[in-house]
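First chain written, first letter: the chains are A, B, C, D and E, and each begins at residue 1.
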């Protein structure tokens, strides 16, 4: 469960670990690895997918300025990080992408344009693929809830964010417990939930009388729950839509989440350029032998 | 006093009978109110017969999913129903006490395993096998059908077995006394008496197959295109709803609920067909 | 041995029967084989990951305890059965004992029940969310989740009970009426006890769906890992598993949870079997 | 002088469109045994069931005409259960409930509100004694009734019917599933019971009717052809069809 | 000279620990009617079922002793189904299958491999004729068999048994559920059938045994007390128990 360190070990162990589970493919040297690529994408609307297609140029604009998603029709679709990882771990020709915070050593994360995906590279700008984690609040937030938000954005809160493998969004200074009591409900995106749970636990250390409930469902439900007043704070791993903000809620980014491009550990490829990733996901490049 | 109680309880029973109707009506209202406007906006033909599903570009065609659902459900029935049928006959009429005491709880256990476990089982065990056998990524119409076929087993077996047991023994004995083998006696004299129960089991199984999502979603590939072969990935109506509901907003969300409306109508059609079939059988 | 030989002999002249027998063997073998595979898969993946801290009373992100979820699962099953079983059995009683055979109402109820059984659980989830969480302004509640699931398993209970009641011989009904017993007494004292085995098989299928359900619960009962009151949120084992699995952060714990889930299902099934036996033997 | 327990006048009974009973008129005397005979399907069971309105259970069954129990119209009785308590019934096929022998006999009294253990115990001793089954059951009262032989089950059903203290006992071919010894026992029982109860019995066995009944009614195709003292019916029937039937020349 | 169809010697039969048949020895002659009589539970049905091994279905049923059909040991026959084809059975309660009359009669022949429509048609005409049910069924062959009256159903069951061309017909109280007219029809039928078939019949009705059987065997508590020509049994039985039973003094 110690995500921060597992992220680091992944990059090193990626290629060396492969030897432990050797199969013919593992022995193939870079250059003669071939086979049809099986690209795996996330569902339409997903925040992860949105960031991924935008940053890799898979999304283009047509003459009228409308965005067009050029992801190939034949890409497998999944709506869950764990299915994405399990699939890639079980199929040597697969390629996909997951949140940096979820990455573990069952799969291999690729360097993109020479940069390894990690908290540091995202922070210094050398690794560009990331998306925001948002919280959604409505006007008239209760005092405790507001205090919790304040905590999240504080130095202490942002430290929790960094400790768990996400990238801090800058902070608004130190937090001091106000000795409040009450209950805060948080609901929404499953991607944001793990870090939110950590934040809630850290906050409770400081405010033992406050109870924080974190409901894990999905981004849209998070936003609608906040709008309907079912929860105090919504979580979304995508940008808010205009139709949502027009209903009286505002979004705040609490962290950045790096997105790692992953392949099977038997796959000898360690690095791709962003163009290659784009051409794989738009269906132009179809065979692994074409990207080495 | 007693009559009053009788009357009240009759009303209570009637009321409970109406609960399932009320539930369907409520769910109908909910779905139609949320889904129909979207069909209007998209255009019924564009929606039902459109072959492209690109919600981000405002293209909402669910034909691939309709066909996908039909393929996968049919596949599940072709794979699951015969296995369930023969197993239930075996459980009801052929296996001895001791074996039954092991087999029955096993089948009941199957019913209690959550879909996500089936899903991961499919992903980790069945998909790699399919990769080897069929090539490709291993996520396909066939894989989804196999997994669903497995998942409907306990429902169909449970219902079919108890209805086979309910058939009077006199049919069985009568057939044996004519020199029929045990198999012939059971299959051609006993089973006709259990037809309605077996069919009820199959209908419940079909319902489970159509409605199942969490597992299918993990092994079907979910590409929104009409599959041209058993080895190709497929997206069902339910997968479509479950996958995208989490991020969908506005028209996209309504279109997903409209997908549920279509599914609902599809189930209704299947059930009407089944009951017509049953009526035809009785004559 | 002799018997087997005799049987083989008789199959010689009846190859078709042999085919049927083989088909049954194959089918049963497949059913059992699949069950063994799945259970084996769960055990192999799960047992090595079981650890004592997963059974702590309180859940937190360090121990990922499933104890609240275990308790919730049992509570949820009980609560759902409390709603669905009386309604399902009551409806079946009406259909078999009161309604005219082949009446419009019977057909309507049957069609609606079967339609309900095909609606995907996510739709139940959204429906429950909209009705209980939003319209009733309950938020995420255990009660809302239980009611939603009750509607979901209603058709299973209803249809299996209906078939079980139909199988009770009319001579029992006649005997009871002939003694001057009213309908109610006949139903509760004579008919229902005879139908218990059939009803239980429906209930067990229903329990299976409750225990295994995730989508419908996430949007209604929510995912808080605490033992809830009726009007607050709580997660069952399956939801717990789903939550652990979704981001891939707790895969190992999820498999360990699956093992416990299996055991819980076995225990609940055995429990219902035991209760059924108590009810029939009087 | 004998008193009439049932008075039937111009009774028509329809199952849907099919007329199963046609203009039946008869008197059934109190504390005697009345036998209904006739070929299969002639409506004996149907008439019997009309006497305690078991026909109510049959969908589409319509009755017109007069049917009185102690002068009171049966079809207008508000409380059918009370009627059925007064007019008990024993069926062709023994149908004990799937519970213990004790519970079988106690079922009726419990139904009619008797809860006291001591009272029930007394009834569960008394009725089986009357039904000549006590000796065979007293040691196994707690055992399931389904474990008994056919003849025992049938006598248990009679005991069960007696336990609610009926005035009339309707028996629909109560011995057709039994061997001669059990049959004799039940016939003796009927003769014993008629001291207290009015008995109406459907039978296929003409010897049986001749042996035990006081009055016999012969039915044919939904009509009552003839009813008279049993002796008269069997020695000098008025109707040729009756004669043909009882001498076996019929059909 | 009469030939023996079945030869039984020192037959013991156990249901678990309970011995239902004790050292039975008898000969059942070909093309005659043999009646089994005796009080309920004496083992008549059990012995009958041993003749075509329907007892195999009962778990824990053990048989020892000799039981020959045409000199061949029944319990060592490899093919039970063939045995049951040769030794047909008709049950107490008519049990037509829930299918059309045609399919009921054709069930047996189909089982034994006859597929040709014309052949089946011939059988479905021939057997009901032999069973004296053809006139009543010929116009409704495609209708469900469950819509027939009890007597018709029982004759249909006989027709169904005849359709597989058995050598022996076992009947377990075939008329106990029927009215006298149907009973007479079935008795006449039995007398007709014995020209071609060996018939073994269990009955509770001693008149029936006297009327139609050639040989009668009397059973008591699992033992065969006496077997002889029917006339002899009913006029001068050797055993006192037989005498008691047939004169109704028994029990």
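Assume contacts are C-beta pairs under 8 Å (C-beta built on N, C-alpha and C of every residue); 3 or more make two chains touch, one makes a residue touch a chain.
What you see is a predicted model, and the numbers here were worked out from it, not measured in a lab.
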Checklist outcome for this item: Hopping only between chains that touch, the fewest steps from chain B to chain C number 1
Checklist outcome for this item: Contact-pair count is greater, between C-E and A-B, for A-B
Checklist outcome for this item: Of all chains, the one whose CA centroid lies most distant from that of chain B is D
Checklist entry - How many Å are there between the centre of chain C and the centre of chain E, using C-alpha atoms for each centre? => result 47
Item to check | Rounded Å distance between chain C and chain D, as computed from the means of their C-alpha atoms | outcome: 46
Item to check | CA centroid of chain D to CA centroid of chain E, Å | outcome: 31
Next on the checklist: Could you work out how far the Cα centre of chain A sits from that of chain C, in whole Å?
Outcome noted: 36
Checklist entry - Could you say which residues in chain E touch two or more other chains, in rising order? => result 81-82
Next on the checklist: Residues touching two or more other chains, restricted to chain A: which are they?
Outcome noted: 80, 86, 217, 221
Next on the checklist: Please output the residue numbers of chain C that touch at least 2 other chains, ranges allowed.
Outcome noted: 10, 14, 182, 245
Checklist outcome for this item: Listed in rising order, chain D residues that touch chain E in their complex are 38-41, 92, 149-151, 176-185, 204-207, 245, 248, 250-251
Checklist entry - Residues of chain C touching chain B in their complex? => result 10-11, 14, 16-18, 20-21, 23-28, 30-32, 34-39, 41-42, 86-91, 93-95, 97-99, 105, 107-124, 126-127, 130-131, 151, 154-156, 158-160, 163-164, 166-167, 182-184, 197-198, 201-202, 204-205, 207-209, 211-215, 237-238, 241-242, 245, 258, 261-262, 265-266, 268-270
Item to check | chain B residues touching chain E - in the complex, by the definition given at the top | outcome: 168, 170-171, 173-181, 184, 188-189, 192-193
Checklist outcome for this item: Counting only contacts in the complex, chain C reaches chain A at residues 60-62, 64, 129, 133-134, 139-140, 218-219, 222-224, 233, 243, 245-251
Checklist outcome for this item: Counting only contacts in the complex, chain E reaches chain C at residues 77-82, 113
